[in-house]
Amino acid sequence: MSARKQKLINKPEAIVDEMLAGFCAAYHDIVRLERERLVVRAEPKAPGKVGLVMGGGSGHEPAMLGWVGEGLLDVNVVGEVFSAPGPGPIIEGIRAADRGAGVLLCVSHHEGDRLNAELALEFCEMEGIENVDMVILYDDISSAPKGSESERRGTAGLFFVWKMLGAYCEGAVDLAAAKALAEKARDNTRSLAMSLSSCASPVSGEVMFEMAEGEMEIGMGLHGEVGRGRQKALSADDTIDLMLPQILDDLPFHAGDEALVLLNNSGSLTLMELFILYRRVEKMLREADIKVHKSWIGAYATTLETAGFAISLCRVDDQLKDLWDAPANGAYMKQV
Amino acid sequence: MTTIAPAQLADMIGSIARRILSERDRLNRLDAALGDGDHGTSVSAAFAAAATDIAELKQPSAGDIWLATAKAVMNRMGGASGAIFGTFFLKGAGHLRGIERVGKSDMEAVLQAGLQGVKARGKAEVGDKTMVDALEPAVTAFCGADEFAGAWTRATEAAREGAESTRELVARRGRAKYLSERAIGHVDPGASSIAVIFEAVDDWWGANPTPSTLQFEEAEH
Amino acid sequence: MSARKQKLINKPEAIVDEMLAGFCAAYHDIVRLERERLVVRAEPKAPGKVGLVMGGGSGHEPAMLGWVGEGLLDVNVVGEVFSAPGPGPIIEGIRAADRGAGVLLCVSHHEGDRLNAELALEFCEMEGIENVDMVILYDDISSAPKGSESERRGTAGLFFVWKMLGAYCEGAVDLAAAKALAEKARDNTRSLAMSLSSCASPVSGEVMFEMAEGEMEIGMGLHGEVGRGRQKALSADDTIDLMLPQILDDLPFHAGDEALVLLNNSGSLTLMELFILYRRVEKMLREADIKVHKSWIGAYATTLETAGFAISLCRVDDQLKDLWDAPANGAYMKQV
Amino acid sequence: MTTIAPAQLADMIGSIARRILSERDRLNRLDAALGDGDHGTSVSAAFAAAATDIAELKQPSAGDIWLATAKAVMNRMGGASGAIFGTFFLKGAGHLRGIERVGKSDMEAVLQAGLQGVKARGKAEVGDKTMVDALEPAVTAFCGADEFAGAWTRATEAAREGAESTRELVARRGRAKYLSERAIGHVDPGASSIAVIFEAVDDWWGANPTPSTLQFEEAEH
């Protein structure tokens, strides 16, 4: 199959700004466009609490736009499609998130995001903006071997981190503690993705890479970064049987553990397929005596219209469970 | 010319912006083979923004121009490449502080600082299939030449050769790294745009613009 | 572009049952699989309240599965892909939804759904099951002209009806009143869809119909039923400019009206495109002085992995607004 | 045979199930051109389920067999076509109540009732490009013949012709209705499966099965 080149857009140069205009108009009770490319909570969090900023390229909607809101992120700095925003907008985001208790800049680990975050922090120092720190987040087991976790990419599983960190920072007054919590959530999270198809850039109209009908690739990144090579597409059950044990072995998860589970749609997989996949995930976890605290199935962090999915697991203790269960009100992440 | 006045430096950036724009589609195509196909679009938007931002500065110094370029490139390009290309100008801007007209040795220091900044920021060395493969030989060639004019020409040739040398490499940095051996046979887009930038400067130098052709006024020194 | 034939399933015959197993395992706090093909609320509603049953083919997920729950449907009877369930399962569904105040069988208007509902009601009469009524729901303005509303098809806009009717029946004791409310919501709802691509059946593996890259069709039904013929694909703004006025003229909506707005993803459109589309919708409504009470943007009623969308509008008065704002807790429809 | 015993009727349904299964892919292909490509799959699953359900009945009457078929077809086929094809058996079952062995005139009444039920339920007439285009001429031909044997043969021929006649029609019922003129050139799958059903019965009748070949026991009458 070929990816869909025809897009419902206006001018390719304007897609990010027009997207943000539409998004913020639709969810004006939750978010506000503070300035170009800066999505902030409609109601800022209480003063004296740690602010949370997340920057990143677009093309992953509802990530991260949809997770700005109460109990979630304070600010999302939005870049071009699949391209991290530069330090200028990030600094503006840090300013917007500051409620007097410091700001944590969250970075989903990709070279561009990390480099621009570093630059932003250097500029902050030069400009005397204090009490800002950054945390690098990653979860994709396919991008670097065990032992080199810090070289791994950030993918769909960071969903868990935003949610729990957001809940934590709703009340947190200490930046270092917030960073430690982010690291704890990250270090308990593992993801692995697969794809059946490519996607086409709405900017260039070009297909990102070619994939033949009937092929699949395990380990693709959130921008279609190459994984472990192409193979013949497997059945739903065989795909899970291939992927899930790798995730379980990596942390590793043990019998008796409790976990959050995300089955993330990369774009154009159907929910029907995801439910069929989840059936196998649930069975395997049950047999491994890993208790599912809560599961989420849907499109959370997409790669445009790619057909594929990721499995993400996060091992939770009582603290993380409480944070997970805390209320949240983002446009695409609601919890009572 | 043996020194470059700020207004001329601004004009030089404008020349780069125009040349990069004319190569945009080719650079996009190179990036489509190795990355996400946007390098031409982003690098041309970045230099266009730099030229615009510079035009709005009031009596800028050489350092102001270099810093404005750094910020425009970082913020308009975004991504890893924005940080890398932006760092090149950011570090150079540090060396231009207090300098009124840029001589050859000033430019050597600016290019060297930029190169070192890029390598420190992006952790790429020659052979990793990045813009460093073009930038490092270009800077070396520039510094090895005696005079401004010939220096740009030699740097351009070195940049072109460096860019071409990336064809046979496997990438160890940037998006192309995930392609492994599939990257072989394709020239790195970032290295190509470095070659385009040096070409633009070399041609601009050859055209030897006078202050009267420049966009804004400044006190002559 | 060609539709994706490669599906992540196991056996084509088993897709519906495996999907339901996965869905109910994931959301066991909200739903239960009462028996094959019968999804019911984990906690039944209070006794003495009107039960709500909705039957329909699958392939539209999260519809209707995702809207079973508190403040929503009591029972969803699930058919094969794009095919209404037969009267046998519907009768079981009616039995399961009965809390002593009668059961309303909701029918999204398609020939198969209507015929099987009629058969089910005939069997109910034969078997002495009393106090059951049905309501036929439709919203698609492209499927029959104004004046012949009752011949129109049911599509994405029924989302509004389920939500408001569900809220109403949480407290309703009178079947006739519930039916009247359903008709009121329906008669204020209008939808129009468009597609850029086809989809492929997970059962047969065949593409449903061919569409060329760069073509679009306005007025397609929820199963890819033909609309108003193919045309060259337009920009996002031009597409809205073509579609929305037809919806506004049909009811018609007037300046000063308040409306709920749904921008429904048929499957594989990106949220980025939907937000860009919504930007224009919001602008046009603002200029027409139609107040948006609430908007929803996402994949609610899909046509497998079709790339396309529908705009749905529902004119609301105070009663409907209150019902809309009432809490709901379905797997894919949460409201506090 | 001049009358059909319940066990034979059950065997007849089994024959239909096997024949429809062997034509499944062809029927799917016909439906792919006009509808959603599943007609062969659903109608074959429906008759297979009917045969299984019937085999589980204890000493069923002719009416029980027809009713079981109705329910299996409705519930296994689902959709409009399940309701239509199921109604055909449901209405026939009413006429079989109290009948022990089915004679030709009983079968005429059963087929007529089924046809009328189908038309009332689905609102389709001959010419609307549905299974009615095959069913109505088949029932007419059956009733016009004197004996069972020739009647099935003539009904089969009429059904085949009726199915073929749908090729040039625009559909006014079912999914194909949304195709408008694009439906022309394709035979209606439901009409084709009616032809297949009559063919199966005709062949089964020709093979003239004896009670000993049947699946379950019953008291001989």
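Order of writing sets the labels: A, B, C and D. Residues in every chain begin at 1.
The working rule: a residue touches a chain if its C-beta (ideal position, glycine included) is under 8 Å from a C-beta of that chain, and two chains touch if they have at least 3 such contacts.
Bear in mind the structure is a predicted one, so any value in this text is a computation, not a measurement.
Chains that count as touching both chain A and chain D, per the definition above, are C.
Among the remaining chains, D is positioned farthest from chain A, on the basis of C-alpha centroids.
Centres computed as Cα averages put chain A at a distance of 33 Å from chain B. Between chain B and chain C the centroid-to-centroid distance comes to 55 Å (mean Cα coordinates, whole Å).
Centroids built from CA atoms put chain D at 77 Å from chain B. Touching two or more other chains at once is no residue of chain D. The set of chain C residues touching two or more other chains comprises 81.
Chain-to-chain contact here is organised linearly: an open path runs through the chains from one end to the other. Two chains count as a pair here when they touch; such pairs are A-B, A-C, C-D.
For chain C in complex with chain A, the residues that touch the partner chain are 1-10, 15, 18-23, 25-27, 58-59, 61-62, 81, 196-197, 202, 213-216, 233, 235-237, 239, 267-280, 282, 295, 297-299, 302, 304-305, 307, 309, 329, 332, 334-336.
Contacts from chain D toward chain C in the complex involve residues 28, 32, 36-38, 41-42, 71, 74-84, 86-87, 90, 121-122, 173-175, 178-180, 182. By the touch rule above, chain A contacts chain B in their complex via residues 57, 79-89, 110-112, 115-116, 118-119, 201, 203-204, 206, 208, 221, 223-226.
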